[in-house]
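Multiple structures follow.
Both complexes below contain subunit A, partnered by subunit B and then by subunit C.
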Partner chain A sequence: MSDIFTIALLQNTLRTATPIILAGLGVLMTDHVGIMNIGMDGMMLTGAFFAVVGSFYLGSWLGGIAAALLAGVLLGLFFGVFVIKLGSDEFIIGVALNIFAGGLTVYLLRTIFGVKGAFSDPAIVPLPRFVWPWLEGIPVIGPLLSGNTLLVYVSWALVLVCWLVIYRTPLGFWLRAAGEHPLSLRSAGISPERMKYLASLLCGVFAGLAGAHLSLGYLTMFTENMSAARGFIAVACVIFGAGSPPRVFLAALLFGFIDALGLRLQSANVNSNLTAMAPYLVTVVMMAVLVVRTEARKKRQIQTR
Partner chain B sequence: MKKTMSLLLAFSLALALMSFAGAEEALPSVAVVVAGGLGDRSFYDSASGGLELLKAEGVKGTVIECKNDASLFEQSLIAAAESFDFVVAVGWEFWEPLETVAPELPDTKFIFVDNELTGIDNIYAITYAENEGSFLVGYIAAKLSETGVIGAVGGEDNTTINNFMVGYKQGAAYANPDIRVEISYTADYEDPAKGKEHALALYDKGADVIFQVAGKTGEGVFEAAKEKGKYAIGVDSDQKYIAPDVIVCSMIKEVGLSVYDAVTRYVEDGSFPGGTVWNANMKSGLISVGFGDETMPQQVSQALIAEVKALTEMIVSGEIVVETTR
Partner chain C sequence: MMRLLRSLLPGRRKLGFAYLFSLAISVALALLLGALMMRLTGYSPVEGYAALVKGAFGTRRALGNTLAKAVTLSMTGLAMAVAAQAGIFNVGGEGQLFLGGMAAAIVGSQLTGWPAAVAVPLAFVAAITAGGLYALLPGVLKVRLKVNEVITTIMLNSVAIYLCAYLANGPLRTADKGIAAGTNAIDPAYVFPRLIPLSNLTASAVYAAVLALLCWYVMKRSTIGYEMKLTGQNPRFARYMGMKTDRLILWSMAASGALCGIVGLFEVYGLHRRFIPSLSNEFYFDGMLVAMIMRYDPVGIVLMSVFFAMLKIGGTAMELGVGISSELILIVQSIIIFFMAAQSGLARIVRERRGRRAARRRIEGKNVPQGEATS
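Coming up: the complex of A and B.
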């Protein structure tokens, strides 16, 4: 047991959680304006691809992030136009985005880099990694705080910023109103559609960051379908966290922890097929807990009335 | 389902008639149907490389990718059989689809790569003695290890993957009876981030050489090796070029060459040993260890390479019998 519960387990938790945290922040933006974006996985995958393209051709990680953000914003706009302006079903567009991203990245991988399936090259510049030796001396916290790549720290800051914006600024109020009561927002002179577009674009920005982290921070390569359903886990975390950034953050950490624990349980002779199931099992349990809790709250509200 | 099947069959018949009407071709045409997708820089790419060799000799051919979508397996085999003389099914997953489809298409010659399936006249199965190659890389890993711990990341806990593992363990123990071999299964062939985590966890346990047997997931093992400055071993194709500084060698399974051999033998003397299994072992020369080319840094010493050569002879002669899960 002692070789399972180590500092490496927590580091693994953090690494696994980061792409989900970033994607989760994106999903919760649209969630607040009343749109469920299940296309996050595809948006993230596209972001990951363009991050590699940008980093490879511009020779800098900044170029990679810029390209990923651009791709994310374009997809966010695409999503917005179809769902908000044309009134298409958000789930259909989400599914379409996922399939489109899968095909597009494979196609571009073949046309741009002339390879199939995977692209890695020493010319891809990874995100900077911050190592502070003085910090590493502190037990537990030191090794967790030091040695991460840029977007890990950015994701923590963004959780705070998102929480502040959503719950402490007029803009956040308008965003939430656009989802909860668009009519009142309109009567207050603010266009709910605008808020929805803003949320879609922000969602694209976060998707781009999540993708860039995956292909330039976590790994330094692009492979087909490398998002590996992380976008969907992010959606689950947002639902579980009821749209609150800190709670989504914790949900993502929980998921990362279970994933990290799962792979280590194999050394305690737990079958690998079972351990691979663990994160999804937890997702299902999380959802069940959520439903039970919401039902209970509804009942209480009815009783107090 | 039946209707589509009969439609497809009718269509294939029509196509077959059309091809008979055309100019008689001396060389057979070959379709390679892969269970996963190309670009794994490993198993499937090797199979597609075999087709390229055939194409260079004038054979017409194509690759059909099923992208791990099991619902596409049967349809892809049927579609391939419509317009090609040989259908090469690459991946152990094709066992059931082949059993269903092949008897219905007696004019097509199926080559089944990576699994045993006997008794159907138009299926020629090829399996590989990956255990024998893994023995050699296990030996190398144990000799290179300074910590006395080596690792392996497998894509799935199944017979084929474990056939690598038993050989790897045996070879490692042959080099150093006290070696500890840690194995981790990812249950995923397509998620390099997961592969990286599994490798990091193994390095964390003290392993300093890791053998990856996990397709694209295994690409993450190379990333982990680069980050930690430790060693990794490639699989199926010579993967050293991907990260020459950390990949010390690769266990090569010449899937492409075996397919090439099977088709060329048919072209030469019309023989097609349907219904049987060919175990491509070290003796056949299709299982070996690759060290990249001379431009790349070599971590394995010439002395160790000589030892590996001697071991190869011993395996070929039967002096060393490598365990198998098959």
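Coming up: the complex of A and C.
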């Protein structure tokens, strides 16, 4: 047992939770304006691919992030135009976007790098890793805070920023109003459409960051379909978190933990297929539990009234 | 009564002439964009598309493979449509397919030496039960607890695929050392005969034809299909009309899962003769795309499946012959959806703008003489 519950487990938790946190924040943005972004998985995947392209050709991790952000923003805008301007079904566009991203990344992988399956090369510059020796002396917290890659810290900061912006600024108020009462927002002189576009673009930005962390964070490679339904887990996290960034953060940490635990158990000779199943199974169970609990709370409120 | 019901339904979901026209334009534009991508990545589009068509229909064997792919696509597409008709999105067909295939493989490999006329129907029952029950799970969560079915079905896909991989590598693994991973082979007597030698087209096409007819009848001609449609479009109204909407949703979900389970059986009994962990390569998602493009119309799905099957089978030939990655086909297919969505969106915007202009003209036309009269 002591082999499994180690500091490395917690470190892996942070590592695997980070793309889900970033993607979750993106989904959260569109969720607040009333759009469910099923296409997050594909956006992340595209971000991951272009992060590798940028890092490989520009020779710097900043180039990688820039390319991932550009791809994310373009896809966010694309998604926004269809769902907001053209009034298409967000579910259909999301599914089509995922298929498009799956096809595009593999096609480009094949035509740009001439490989199938996975691409890794020493010329891909990974994200910088911050090691602070003075911190590492502190037990438990030290090794967790030190030695992570850039986007891990960025994701923590962004959780705070998102919470502040959404709940403490006029802009966040407008964003939420665009989803809940678009007509009142319009009568207040602010265009709900513009807020929705803003949310879609921000969603793309977060998707790009999530993708960059996937391919440049710890692995420094791109593999086909490497997002592995993490975009959907992010959507589930937003549902658990009821739109609140800190709660989405906690939900993502939980999934990171389950994922990391699975990896540890694998080295303890538990079948890898069974451990790989865990995060998905937990999502389903958690969603059911969450809904039952909120329903029960609603019922209690009605009874006490 | 029926006329009243019909008048309340929005009639825009039909596959009218206008819709088919816009579909034709979308397909043409998507193929053009595909050609552009070939050009940009240094290939000749003419050569690419020629290889594609030849690869799909050039030989008897290729034709058989294309038709076999069309069978899979239309079955998975119909599965999506059956659920969507009642207003529930079954994105979990992939997992239901795996479980159905696994259940059928277990029956076929355990019950050896039985007459095929007994064992094969039993395998069907197993596949239908496995797929149907697995689809019922998110259905119950949706109906009873209002849990979003899109997320749960996607999650359950991964659960089923990993579970089957575990079974095929672990407890149910074949003793045959020559097989990388998979269950024991089914009794050779149960294997579906091939309709075109050397191709993938097997007797499953006959079963599929019967099932497609059944789907069409239930969806388009039966009372229950009509009630499903009403439930999908306006559940509140359907409930007020006395329909058991929850039960309709559950049944349509179970039927959808059962169809996917049968596709799994087809793969096992027609092609692989055992369950293998790579039984399906996202077949359900391809079928979903077809169903969405054809607005869940059963006849349309079957026809479109042949076209998509041509792209898929021809795409592989294109990759082997000309070197263009077959994923280009996925891009072309998803672009068709984007074009369809764009066209219907643009048409709506133009309609609204025209309506607004007409209304303004009417108001102005009326106001001017009135203003003159009062002055």
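The rule is short, and it goes like this: the second predicted complex is superposed on the first by the 289 of 305 C-alpha atoms of A that agree within 3 Å, B and C clash if a C-alpha of one lies under 4 Å from a C-alpha of the other, contacts with A are read in each partner's own complex, and residues count from 1 in each chain.
The criterion applied here is as follows: contacts are C-beta pairs under 8 Å (C-beta built on N, C-alpha and C of every residue); 3 or more make two chains touch, one makes a residue touch a chain.
Source: prediction; values computed, not measured.
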Next item on the list: Specify the outcome, clash or fit, for subunit B and subunit C once both structures are aligned onto subunit A.
Entry: clash
Next item on the list: Using the touch definition from the top, say if A:Leu97 reaches subunit B (first), subunit C (second), both or neither.
Entry: second
Note to self: If we overlay the two complexes on their shared chain A, which of subunit B and subunit C does A:Ser88 touch? Say first, second, both or neither.
What the structure shows: second
Note to self: Let me test your reading of the model: by the given contact rule, A:Arg168 touches which partner, first (subunit B), second (subunit C), both or neither?
What the structure shows: neither
Notebook entry, point to check: Touch check for A:Ala236: first (subunit B), second (subunit C), both, or neither?
Noted result: second
Next item on the list: Based on the superposed arrangement, let me know which partner A:Arg297 touches: subunit B (first), subunit C (second), both, or neither?
Entry: neither
Next item on the list: Count the residues of subunit A touched by subunit B and by subunit C, then name the partner with the higher count.
Entry: C
Notebook entry, point to check: Should A:Asn273 be classified as contacting the first partner (subunit B), the second (subunit C), both, or neither?
Noted result: both
Note to self: Running through the overlay: 78-86, 204-212 or 240-248 are the candidate stretches of subunit C; which one clashes with subunit B?
What the structure shows: 204-212
Next item on the list: Show which residues of subunit A both subunit B and subunit C reach, each in its own complex.
Entry: 116, 271, 273, 276
Check: For the complex, which residues does subunit A have touching subunit C?
Finding: 36, 38, 82, 85-89, 91-93, 95-97, 99-100, 102-104, 106-107, 110-111, 116, 229, 232-233, 235-236, 239, 271, 273-274, 276-277, 280-281, 283-284, 287-288, 291-292, 295
Margin query: Which residues of subunit B touch subunit A once you look at their complex with the stated criterion?
Written below: 37-41, 45, 156-157, 182-188, 190-194, 196-198, 200-201, 204-205, 216, 219-220, 223, 242
Margin query: Under the definition above, what is the set of subunit A residues touching subunit B in their complex?
Written below: 3, 6, 8, 12, 15-16, 19, 109, 115-118, 120, 214, 218-221, 223-226, 228, 259-260, 263-264, 266-267, 271-273, 275-276
Next item on the list: Report the residues of subunit C in contact with subunit A in the complex, numbered from low to high.
Entry: 37, 41-42, 89, 91, 138, 141, 145-148, 150-152, 154-159, 162-163, 165-166, 169-170, 285, 288-289, 292, 325, 327-331, 333-335, 337-338, 341-342, 344-346, 348-349
